[in-house]
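Chain lettering (A, B, C, D, E, F, G and H) follows the sequence in which the chains are written, and residue indices restart at 1 in each chain.
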């Protein structure tokens, strides 16, 4: 199992709408509106790095209103 | 009361227009055109962090011509 | 209560050590090593924005090995 | 007269100390601790762009604890 | 007289076209296509900072194909 | 011969499609989907720096779905 | 097996030295000096994401002269 | 002949000193103090990309007071 934080920049004015819909995606465990250089921060999990990549590109990035996503996989060192 | 600086990138060529209209929004106390990586810098205030978030997302980001906003809440340490 | 994500860049080679010691700070609820432009991502809470600022500057930033911190307060819009 | 916002990143843990001492510099009209990618945001004024450059390099940057400064001159378009 | 470097990001594929047309704007003294995080670097001059701001917002940013501009005024310290 | 890494940000959701089509361009030797601040990383080669610039602007940036490219020429020091 | 590009900023003047020594680390398959916002770009592989994190933090970041590393895991979507 | 702009961040307070000494390096044709995210912008030329890399790493980066350099080679498309 790979877990990750996904830092999201949305199109202007759409942060609340994106945060709400993103919570409905399987694999997303938490999603919050934030201030700062990012608009929404998500916590997600997937079976492995490839599945994580697919979750981001094929499902999260398909939501309307998303401009950029930055995936930060959690590593246990 | 929470006060903040909001650093704004506008769509190309729209800095002057955005700075002017943003001054009309309740909660915005100052707005200036600047050079550098940002186009307009605003000073704003709201009752608390959530109200500040709403001011940014629900009113400032609704103005035409805004590309990115970066909210920097003032903290008294 | 104000909650926030704090994105941390550490001095090279010190991510694991920082993540471990940061978990011991009161107000920090979670801390993970990550890959990407940040080395550690923390979840924290404080009474208000000023208390959050003090938690970051007066306690988290005092840990050895921290280079930059970026605080992203959670807003409920 | 040229006015500017100066966005400052300080060495970790030194934001409060820098904000306090910077208020004592002639030409600085306001200085605040903030959260986000910057630690202190200053408002300053000088006779012209060269004088502004000198204020930044020869006085503000001489304060202990400053890591980076980003000067954003205000322009009246 | 104020001189400045203006670092320009263009829409994808339009660097050459932007560099060529920008050379025709009064106040622009040089313009080059470059690789790296910027696509075109311009050298320009104006009577003062406000005139420089107007040159950037009212003429350079009006050219088709420009995505972001970053103005770096030259200072004689 | 000049070789380079080209770091590419794509429009949201189009990383896989861009990586696949970019492999078909003459001069591109490898292309991978990645996570982090970039979506696709390409390895390419050209006769000299100008030819590299033309490869990037006139062919790679012409592909649909590309938002930003950052060319990092390899240097033998 | 997880493969990744690692984008490295070195201390000034140490790019060539870092690129040479990094090639000696087990798991590093290629390393090049580059121009642009990064100084060295490495290709590496490890058994999984955690092993990749350990390779970066426990071995690559231990080399003298490294200032920042940015790990971009390759994903097969 | 390859020409390039080199965008330099200096250690705080050392911009003027760096700009002056950098003008003495063979291959540097112009150097200016600037405001904005960079402190000094240099114009330089070398026989080819490798020679440009050597000029940057082996001579410019050896000057005291330099923190980061970003080389943007000029391309004729």
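Criterion: a residue touches a chain if its C-beta (ideal position, glycine included) is under 8 Å from a C-beta of that chain, and two chains touch if they have at least 3 such contacts.
Fair warning: this is a prediction, and the values are worked out from it, not measured in the lab.
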By the touch rule set out at the top, what is the minimum number of steps from chain C to chain G?
-> 1
Over half of the contact pairs shared by residue number: find the pair among A-D, F-G or A-B that meets that against C-G.
-> A-B
Distance from chain H to chain C - Cα centre to Cα centre, in angstrom | 35
Rounded Å distance between chain B and chain C, as computed from the means of their C-alpha atoms | 26
Once you find the CA centre of chain E and the CA centre of chain H, what distance in Å lies between them?
-> 20
Contacts with two or more other chains, residues of chain H listed in rising order | 15-16, 33, 35-37, 49, 52-53, 57-58, 70-71, 73, 75-77
Of all residues in chain E, which touch chain F in the complex?
-> 9, 12-13, 15-16, 33, 35-37
Could you pull out which chain D residues touch chain H in their complex?
-> 49, 52-53, 56-58, 61-62, 66-71, 73
Interface with chain E, chain G side, in the complex: residues 35-37
Sort out for me which residues of chain A touch chain C in the complex.
-> 3-5, 7, 15-16, 32-38, 41, 70-77
What residues of chain H sit close enough to touch chain F in their complex?
-> 2, 48-50, 52-54, 57-58, 73, 75-77
